[in-house]
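I have a structure here, written as structure tokens, and I will follow up with some questions on it.
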Amino acid sequence: MTWETVIGLEVHVQLKTRSKMFCGCSTNFGDAPNSNVCPVCLALPGALPVPNAEAIRLATLGSCALGCTVHGTSVFARKNYFYPDLPKGYQISQFDKPLATGGAVEIESPERGRVTIGVTRLHVEEDSGKSVHDRVPGKTAIDLNRAGVPLAEIVSEPDLRSPAEARAYLTAIKEILIAAGVSDCSMEEGSLRVDGNISVRRPGAPLGTKTEVKNVNSFSYIEKALEIERARQIAVLEAGGKVEQITQLYDSSTNTLRTMRSKEDSKDYRYFPDPDLPPLMLDAAWLEARRKELPELPSAKRLRFQERYGLPAYDAGVLVGAPALADHFESVVQAGADAKLAANWVMTEAMGAWNESGAIEVTAPRLAALIALVQGGTVSHQSAKKVYTMLRTSPDEPKVVAERLGLVQVGDTGQLEQWIDEVLAANPAEVARYKGGEQKLIGFFTGQVMKKSGGKADPKGVGPLLARRLGA
Amino acid sequence: MSISREEVLHVAKLAELQVTDAEAKALAGQLDGIVRFVDQLRGAEVPAGTPEFTVGPARVTLREDAVAPIPLDRSPERMAPDWQDGFYVVPRLAHQEGES
Amino acid sequence: MSAVKNIVDAVRTGRVTAKRVVERTEELLRTTAAKGLNAALEWSPEYLGREASRVASRGSRGALAAVPVAVKDNIATLDLPTTCASRILDGYISPFEATAVKRLRDAGAFAACKANMDEFAMGSSTEYSAFGRVLHPEFPDRVPGGSSGGSAALVAAGVVPVALGSETGGSVRQPASFCGVVGLKPTYGRVSRHGLVSFGSSLDCISIFGQSVDDTARVLHVISGHDPLDATSADLPPAEIRAPRTDLKGITLGLPDEYFPADLHPGVKAALDGAIAAAQVLGATIKRVSLTHAKYTVPTYYIVNPAEAAANLARYDGVRYGKRDGGSQVDLRGLYRASRGTGFGPEVRRRILVGTYVLSAGYADAYYHQAMKMRTLIHRDFTDAFDGGVDFLLTPTTPTPAFKAGEKTDDPVTMYLADIFVAGASLAGLPAISIPAGRDEGLPIGMQLIGPAMSEPAMLAVSAAFESALDARKEVRG
């Protein structure tokens, strides 16, 4: 009685350019409505599109980052439909000759473990404006600032098998494209949007009818919306009904789906190559330069952190998930620190600081020096945390700060032995019990030495000396 | 090949053009005549592999990513048929309709 | 033989002031308006007064100093409306200027008026203007041709020495032939389309009317050249002006069989025979060629142009500019359909519907894609002829002289067939020119030269030789 879920996602990301895809208007988000417009994006009579070089470069980088084949020739096409926030009555997009095809993204599926999700294609297109309903009662208000902003549309193969996988795929795409510098991928700011297609079938059966899920503006909402739709489809089929090809709009306030009135005509976009734009030709040398330009991507970095630094997968994941901290970690190791210790410090103290202030105030050499102090027994780990906090606002070296705070441990053997002698002399009964077999009393003695030293004794040094003192 | 009234109305809807029932019949006749005329092309011999024609430069020249909009001699507001508080205004879209 | 040169020289030498040129233009506009020519859509004394001051202050600088130019009403100007002779753009004033207009004005010229035209450039007689048809300047019951009929008429009537028109499928050459003036369609991409209201984007060319070949060449030189605002504009400097030829020695002219049908109008045939004879006297070699796919020219053109037009006219929705069909509409779709339904005239509506049809699911392969392949074959026919040793093709421009108003408006296809000799060069993106070749019962008849891409300088030089040799006012009889 099992059902297999089949999901495909269409992701639109805004490319990080200064100007729009086909005109020189600013792409700045949040400006006064209809202030970043010109004849081209207003679709005035006689205005013509001219493509943005940076948008093409970013789209190419994104395609490479997703493992796609970038085509030397691709063609802009008109996608024809009417909507008030689509000034020309067509969108300039790409149709049968897109920029890139055939990529893949690895995700960690909660159900299936590590799986590869195919990326069918990536193409460039322009964004539409924004329609705001009922801002003026009974009317729709249109702001065309967003009309013409460059987008990359990324279509996945229907390889996802659960709503959770869909979410994992989105997280992976976002991580990759941010690392590649292609887009901010912020759903809150609208620089990443997603629509889902979902169907269910009995294992081994042909694909079921798919429905579309739209209007989700967070990663958790897409997962919720797909779960609701999957449940709905299964209920329909189990009751002997048929799944209709509909579009579902998600309502986050009620966590429900609402069916969009299905249009009588399935969308006939009458695509044809845009005669205003000659073909986009990218030569092999340029494409190769883009591939080289690509920074190390998250999955590669995670692997490298595990292999080169011996970090466990979890730690590698945490560090790579915050690119600034991953870089910081590597700098700390390069400054001489032990990798495992460096990872711990970066994941705890540095990340804490980063979350608070958005900056890394304690430079890598200083953190490396602090770690060395702990390793060498000069300060205890606890004390070192206090030193770190101080280092965030002080430019001084860690040792100087530790001394100023009176946190330097005493590791001098002579001094330690003196305290040990005093403690052992003061606790003859416990010494006798220890020699009688109660080995665990070494902890008691260590504690006493710490007390006698006012917390300054280096416990790591005390241990071996005590043991020797108390005899074999 | 005969263009029916229904086809005319379907195409008019795709093109967002008002065609009254009265007009549809006459239009169907005229469009039919035009389509029959261009139908000559359907029987034409076109060798396999003939590419579709492209005119103009062989490759598109890209534009530098600079904020340099073509200036507008008159503001969007002055050209707009209906405008309120900085927005173009249109009648409310029928409920739940449209693209993303 | 150059009205433009006369004006520029007169102003430069001080014989005439720029202001006087503008005033004279205004007088001529008034006179022709009084005659009901209806060729000038937008002009005003106030506007011309301002232009007079501007032009006067420039002095005599510029290759086109103080030259009045009529501008077809589908080319964007800042001070005069750009309506494309359509209700949907009635009163629309463009907030930006076409590159071609800017270059004219930078060269010292001024736009005398906006010229009447077939609505959105769709037509071959200028009978489809929302603001009334244009009369033929000499024969009021006949059409001046179209869609740039207003521009042609203004040049033929002597109101302006030159005018800008546009071609998608012959809309300057055909009216030039009907009105007895020179009409040049440059190579596609030679002149920037920035500011030309798009109709058939892969076909549209801003084109030039002139009283003489020399006038035409001077305007081409000023307005042509690469424009970064038009991604389809050729990466070339402005077309050079060459010395006019006085003979045609060493020139091979090709006569395509398909353009000289047995039943060609006798007046047209006579004029062309005269042109061929003159060419031979001038030393040209005449060669017969065949453009095998010529018979598919008009059907191909009438699939491609409506398809592109349907998409290009989708922006006229009454949302951001132009006419919106009023308050009765409560829902958006209703608004669109009403605005576009009443705002567009019958020929525009037909083209949009045909264009939508030939691109629609189930039909696009058989029509649109097939036509785009045929276009390649038509283009190859031309290039094969040129590669085979022909310098220019010589053909009639139109199958008949100017026809009577109302003669072809009952059946769209009849009107379309008027383009039979001009649409080919448009489909192939090649330069072509019509120059006066004679008259039949007083009606002007044009001859056409079609050349390889970017061959305008040589073509104009050759045209000048024909111009001197042919006495175009002479009656020719078959």
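The first chain written gets the first letter, and so on, giving A, B and C; residue counts start at 1 in each chain.
Methods note: a contact is a pair of C-beta atoms (placed from the backbone, for glycine too) under 8 Å apart; a residue touches a chain by one contact, two chains touch by 3 or more.
Remember, predicted model here, so these are calculated numbers, not experimental data.
Two chain pairs, A-B and A-C, are weighed by contacting C-beta pairs, with A-B ahead.
Taking the mean of each chain's C-alpha atoms as its centre, the chain lying closest to the overall protein C-alpha centroid is B. One simple way to say how far apart two chains are is to compare their mean CA positions; for chain B and chain C this gives 23 Å. The centroid of the Cα atoms in chain A and the matching centroid in chain B are 41 Å apart. Averaged C-alpha coordinates give centres for chain A and chain C that are 57 Å from one another.
Each of the following residues of chain B touches two or more other chains: 14, 16, 52, 54-57, 60-61, 63, 70-72, 76, 88, 90-94.
Looking at chain A, residues 39, 42, 47, 50-51, 82, 84, 140, 142, 144, 268, 270, 275, 277-278 sit in touch with two or more other chains.
Shared interface positions of chain C, defined as residues touching 2 or more other chains, are 92, 94-96, 202, 228-229, 231-232, 310, 314, 317, 319-321, 332, 336, 356, 360. Against chain A, the residues of chain C that register as touching in their complex are 74-76, 82, 84, 89, 92, 94-96, 98, 193-198, 200-202, 228-232, 307-308, 310-311, 313-315, 317, 319-321, 332, 336, 356, 359-361, 364, 368. The residues of chain A lying in touch with chain C in their complex are 39, 42-51, 78, 80, 82, 84, 87-90, 140, 142, 144, 268, 270, 272, 274-278. If you check the complex, the residues on chain C that touch chain B are 78, 92-97, 188-189, 202, 228-229, 231-235, 293, 295-296, 298-300, 302-303, 310, 314, 317-324, 329-338, 340-342, 344, 349-350, 352-354, 356-358, 360, 366-367, 369-377, 379, 411-413, 416, 427, 429. For chain A in complex with chain B, the touching residues are 12, 17-19, 23-26, 32-40, 42, 47, 50-56, 76, 81-84, 86, 128, 131-136, 138-144, 193, 195, 214, 249, 258-261, 263, 265, 268, 270, 273, 275, 277-281. Within the complex, the chain B residues that touch chain C are 3, 7-8, 11-12, 14-19, 27, 30-31, 33-35, 37-42, 44, 46, 50-57, 60-61, 63, 70-76, 79-82, 88, 90-94.
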